[in-house]
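First subunit A sits with subunit B, and in the next complex the same chain sits with subunit C.
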Partner chain A sequence: MEDRLIYFDNNDTTPLLDPVVTAMLPFFTKAFGNPASLHQLGLEAEEAVNEARATISGLIGAKPEELIFTGSATEANNLAILGAAANASSKRRHLITSKIEHNAVINPIKRLEKDGFRVTWLDVDPEGFVNSEDLKKAITPETFLVSIVHGNHEIGTVQDIKALGMICREAGVLFHTDAAQSFSKVPLNVTNDLVDLASFNAHKLHGPKGIGALYVRGGVHLKKIMEGAPQEFNMRPGTENVPGIIGFAAAAKLAFETLSRDSAHMSAVRDHLIEQLLQIPHTRLNGPRGNRRLPTNADITFKYIEGEAILMHLSMRGVAVSSGSACSSKNLTPSNVLTSIGLKHEDAHGSIRFSFSKLNTIEETDIAAKKVIEVVELLRSMTAFVPEKHSETEGSGEVFYKKKKEEL
Partner chain B sequence: MLYSPQYMRHFQTPANIGDLEEADAVEDVHYTGQGCFDRIRIFAKVDDGKIGKVTYRVRGCSGTIAACSAMSELAVGLPLEQAVQIQGEDVATELGGVPDRKRHSVDLAAEALRTIALKLTK
Partner chain C sequence: MALKYTPEVIEHFTHPQNVGELEHPDATATEGSPACGDMVTFTIKVNPDTHILEDIKFRSYGCASNIATASMATVLSKGKTIEEVKAFHPKVVAERLGGLPAIKMHCSVLAVNGLKAAIKQWEIAHGLATEEEIQLNEQTIRRLLKGVINPETGRSIVSMGMVNYIKIEGGKVYVEVSLQGTDPMYAANIREEVTEKLESMKCIQEMIVRILERDKFEMGADNGEKTASDKSKAMTEGGEA
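Moving on, here comes the complex of A and B:
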């Protein structure tokens, strides 16, 4: 392992910034009160939580009472989807989502499907975009909810949320978006963008893990999915994670202060790396280019080799990335996102996600690109499947094998 | 689970990788379960009824590369009748154990050796 880690896995999680830690620290030891307590310590904690709620809601164009703190964006997604389903009338048992959602959306919806709800899984185009006309056609009088991710966690596609929101608003259908990756990276104003429900978290923007939030537009009714005391407007029981909430607000405030500058910087870092890596033969960029892509994300397929092996070699060379390879997961299932945009399973296995924060630099991309080139060459030298190596056409390794066996 | 030093050594510097011009047999195996596309081409040479040398080419994850390397060392000197009995667990032991998510790797490397040993016994 080299001394200086190049951390290109910021779509997974980010390091806390010092001012965030500083803001949180008093709430562990001194101002440790429970916001539900009626003594001074409790009232101070309640006040701090309310200030944080006002800060974050203000950044997304919401009112403070429209923001419910949760333990994660996953929990926020569950509350939005399962809570909306539980509140839907018996005549509205249909919901719509896309095929490139995060598991935190897919799995609650699959649970509803098992329970008898009808689900439309919308296809996406080769860049990962949901087609507005497809959404319009899918909505029926039975539809109660549409859930479409804002910024995709693997290929960075940023949906036109306002266009989708408008279709849902006109149809009288609730519209939820998972904004875990896009929050503070690309603009989102829940009021202007006609969003009814939106999920967020802190740890993708240099805030702490274990804290998220759900925006619930005023007038939208959900049924809570956990029972307990009446915290969070009686929608999410459990003593509030006060240090987490304070850290969330501090991180969000910092991120929004420099959003434009940081987005431009991350986009430059992203594009610099993409251009270098696409010089390697047999590579492709997954997802769109430019401002329709999260500034934090570059996802590249390196054909004929396995993503997990690339990841491991890069890790040993001091570069942290993630992979769409099934061999990265216990059950060996390939990424639903990559196969949904048309990648062959075999190519999905050779995909690497490089993801950035404002802390990354152009210099780091130069160093990382050299290491990626070295690793790709090494792994391709081990396989019998690279076309020019054996004058075979792409994907015909089996043919080569048979020919060679016959020769032998 | 962190990977063992043996696993990391075999992955970083795999032994016996490449073609084997003097091979008596060559076989291909690939993972047939859901999802994974790992593939191995195995070459073997026999000396006096025993495996004399094994080489391979591999497209696979770290586990499959490491498992091929360990298998290629494990195989040398084995009588063919023993080589056809090799199991994934034998390869896993050479690697100092593997996590569940790499079970497919040791199973595939063992299958490669069994397949070529069986061919050589015919």
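Moving on, here comes the complex of A and C:
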């Protein structure tokens, strides 16, 4: 057990499950046809793709023809945002998003901003929630799109999508949500939740990389962002990634079969680790607790030490995690999500994300927690960060967390 | 992002040399700040007759390469004369570690600067250097701001020519930094580091740091000017913008 890798980076990606691989395999060698071909092999491939489309759309409360397969959730976000902008009338040049989006939403929107669109970046509260009154106030007659992430990739905040969707529907504004982290973890029904556009992918739910999807509600018009042949209802050119699509559907089907049981299990794993780690002095949990948090995510700040050093030491001890520290990023700035919920830069630098799948166990959290304690003690024993000199906030684990809660 | 470290970096990260602090140091210096996620403190003992750096220890708040470069800096300098150490180039530390990823080169600068700052403190205490050298003029401020790294390129804002304009009036300093195509989302970060550097100069009573953007977009930060007559106020506001 000690020697086996403890993989707590499932918000990054997940391993494929055997039944998913088994479902995909024939489509690499035997049923390798191009769905566009008119002969038998092509027809078989087309049928398999249609079946997969029906499976996934059924799981989110959509019709098959409302689901467009893409190469990733990133591509789905780009198609939703850039496609809606290209289709918007010249009078509607305003869009709204939040400050805690993933780069796959931030960057297409920043491109639009450079091209002359006006953007409102909504603040979030200390737990990462968008205030629906803020959204209501931000909508103007020029607004054509609102894009708010469903489950946040760093701090696990799950937005009240229906409340936000309702505001947009009433105002006649398109509503897009990036559901890459939340899909198959927390319920989402695009019809009931009043969503117009939603992005998904397969590799966060034990499916393959390189396949995603965009839900486009019937009657919503986007302009495609790539030119080519008329695949995917003439919205996304390029020969379909048939094995990927089959793997996506297989993974989604498996995930939904045991969704409530798996969610409860992952929540228990998550909460068990959170409780153990908050016993360490000078720590805080970033993001909400309970069912308003992704069952897959725990994000903890270890004060006075730096995230990359924690991550590297844990990696050497067989625990895989990720960090919101500047030093683990390409550009030396701390995560926009952590600073947006009010963390000081030094606290963002000391944050570690532990993220789970249904394959993780309580036993693993016990082993990992011991290793985290060891690493935190080691790094704190040599830190140059003198709390009395460099920081005003004091307190220990749980106490510190409660103090923050009271401030809310 | 996965960073590929050399075995030497990993060795000094997992088994850092000369960790801790000397009990009765002859001099101490800290370089960097918690807000930047990078900070190192050196304590040193220097033989006043031979000028040999007889003992040195460090404490580090930072990433793996911060720890490794500080460890290597102590190994390279221990037993050398302060004159030899003052001639160290940060590249030597990086080379002895088998190289550093480009984005981590600033760690070696931080370690060597910290080491030299400790020696400077010792020299001042022994009448070999004076604090007066640090006069409030454009040159000293430029030298100070060399330590501010553009997060997008990993290079100093001074060498990138981003420091547009410096004006000094008594104890008041006005600094204008132009983003020059750098993503404006880093504006708050750059302003914070500039403010912190200026903060370290005791002779500055008031400062205005202005970040000029080409594009108006600035996420998670307000734009443009930040004034503060109270220095500590300027520091915290810079960070939370």
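By definition in this document, the second predicted complex is superposed on the first by the 383 of 408 C-alpha atoms of A that agree within 3 Å, B and C clash if a C-alpha of one lies under 4 Å from a C-alpha of the other, contacts with A are read in each partner's own complex, and residues count from 1 in each chain.
FYI, contacts are C-beta pairs under 8 Å (C-beta built on N, C-alpha and C of every residue); 3 or more make two chains touch, one makes a residue touch a chain.
It should be emphasised that the depicted structure is a prediction, and the values quoted were computed from it without experimental measurement.
Visitor: In the superposition on subunit A, see if there is space for subunit B and subunit C together, and answer fit or clash.
Guide: Once subunit A is superposed (C-alpha atoms), there is a clash between subunit B and subunit C.
Visitor: Once the shared chain is lined up, is A:T333 touching subunit B (first), subunit C (second), both, or neither of them?
Guide: Both partners, subunit B and subunit C.
Visitor: Quick check for you: in the superposed arrangement, does A:N297 touch first (subunit B), second (subunit C), both or neither?
Guide: neither
Visitor: Looking at the overlay, what does A:A309 touch: subunit B (first), subunit C (second), both, or neither?
Guide: After superposition on chain A, A:A309 lies in contact with both partners, subunit B and subunit C.
Visitor: Examine A:S57 and indicate which partner it touches, taking first as subunit B and second as subunit C; both and neither are also allowed.
Guide: neither
Visitor: Taking the superposition as given, does A:T383 touch the first partner, subunit B, the second, subunit C, both, or neither?
Guide: Both: A:T383 reaches subunit B and subunit C.
Visitor: On subunit A, which partner touches more residues: subunit B or subunit C?
Guide: Result: the larger residue contact count on subunit A belongs to C.
Visitor: Considering only the listed stretches 63-71, 135-143, 171-179 or 207-215 of subunit C, which one runs into subunit B in the superposition?
Guide: The segment of subunit C occupying space taken by subunit B is 63-71.
Visitor: Could you tell me which stretches of subunit A are touched by subunit B in one complex and by subunit C in the other?
Guide: 304-306, 308-309, 312, 316, 325-334, 345-346, 349, 382-385
Visitor: Quick one: in the complex, what on subunit A touches subunit B?
Guide: It is residues 304-306, 308-309, 312, 316, 325-334, 345-346, 349, 382-385, 397-398, 401, 404-405, 408 of subunit A that touch subunit B.
Visitor: Under the definition above, what is the set of subunit A residues touching subunit C in their complex?
Guide: The contact residues of subunit A facing subunit C are 99, 106, 110, 113-114, 119, 121, 304-309, 312-313, 316, 325-334, 336, 339-340, 342, 344-346, 349, 382-385, 390-391.
Visitor: Under the stated contact criterion, what part of subunit C meets subunit A in this complex?
Guide: Those in contact with subunit A are residues 1, 3, 13-14, 16, 19-20, 30, 33-41, 58-64, 66-67, 103, 106, 149, 151-152, 154, 185-186, 189, 192, 215, 217, 219-220, 239-240.
Visitor: Could you pull out which subunit B residues touch subunit A in their complex?
Guide: Checking each residue of subunit B against subunit A gives 11-12, 14, 17, 23, 25-28, 33-39, 41, 57-65, 100-101, 104.
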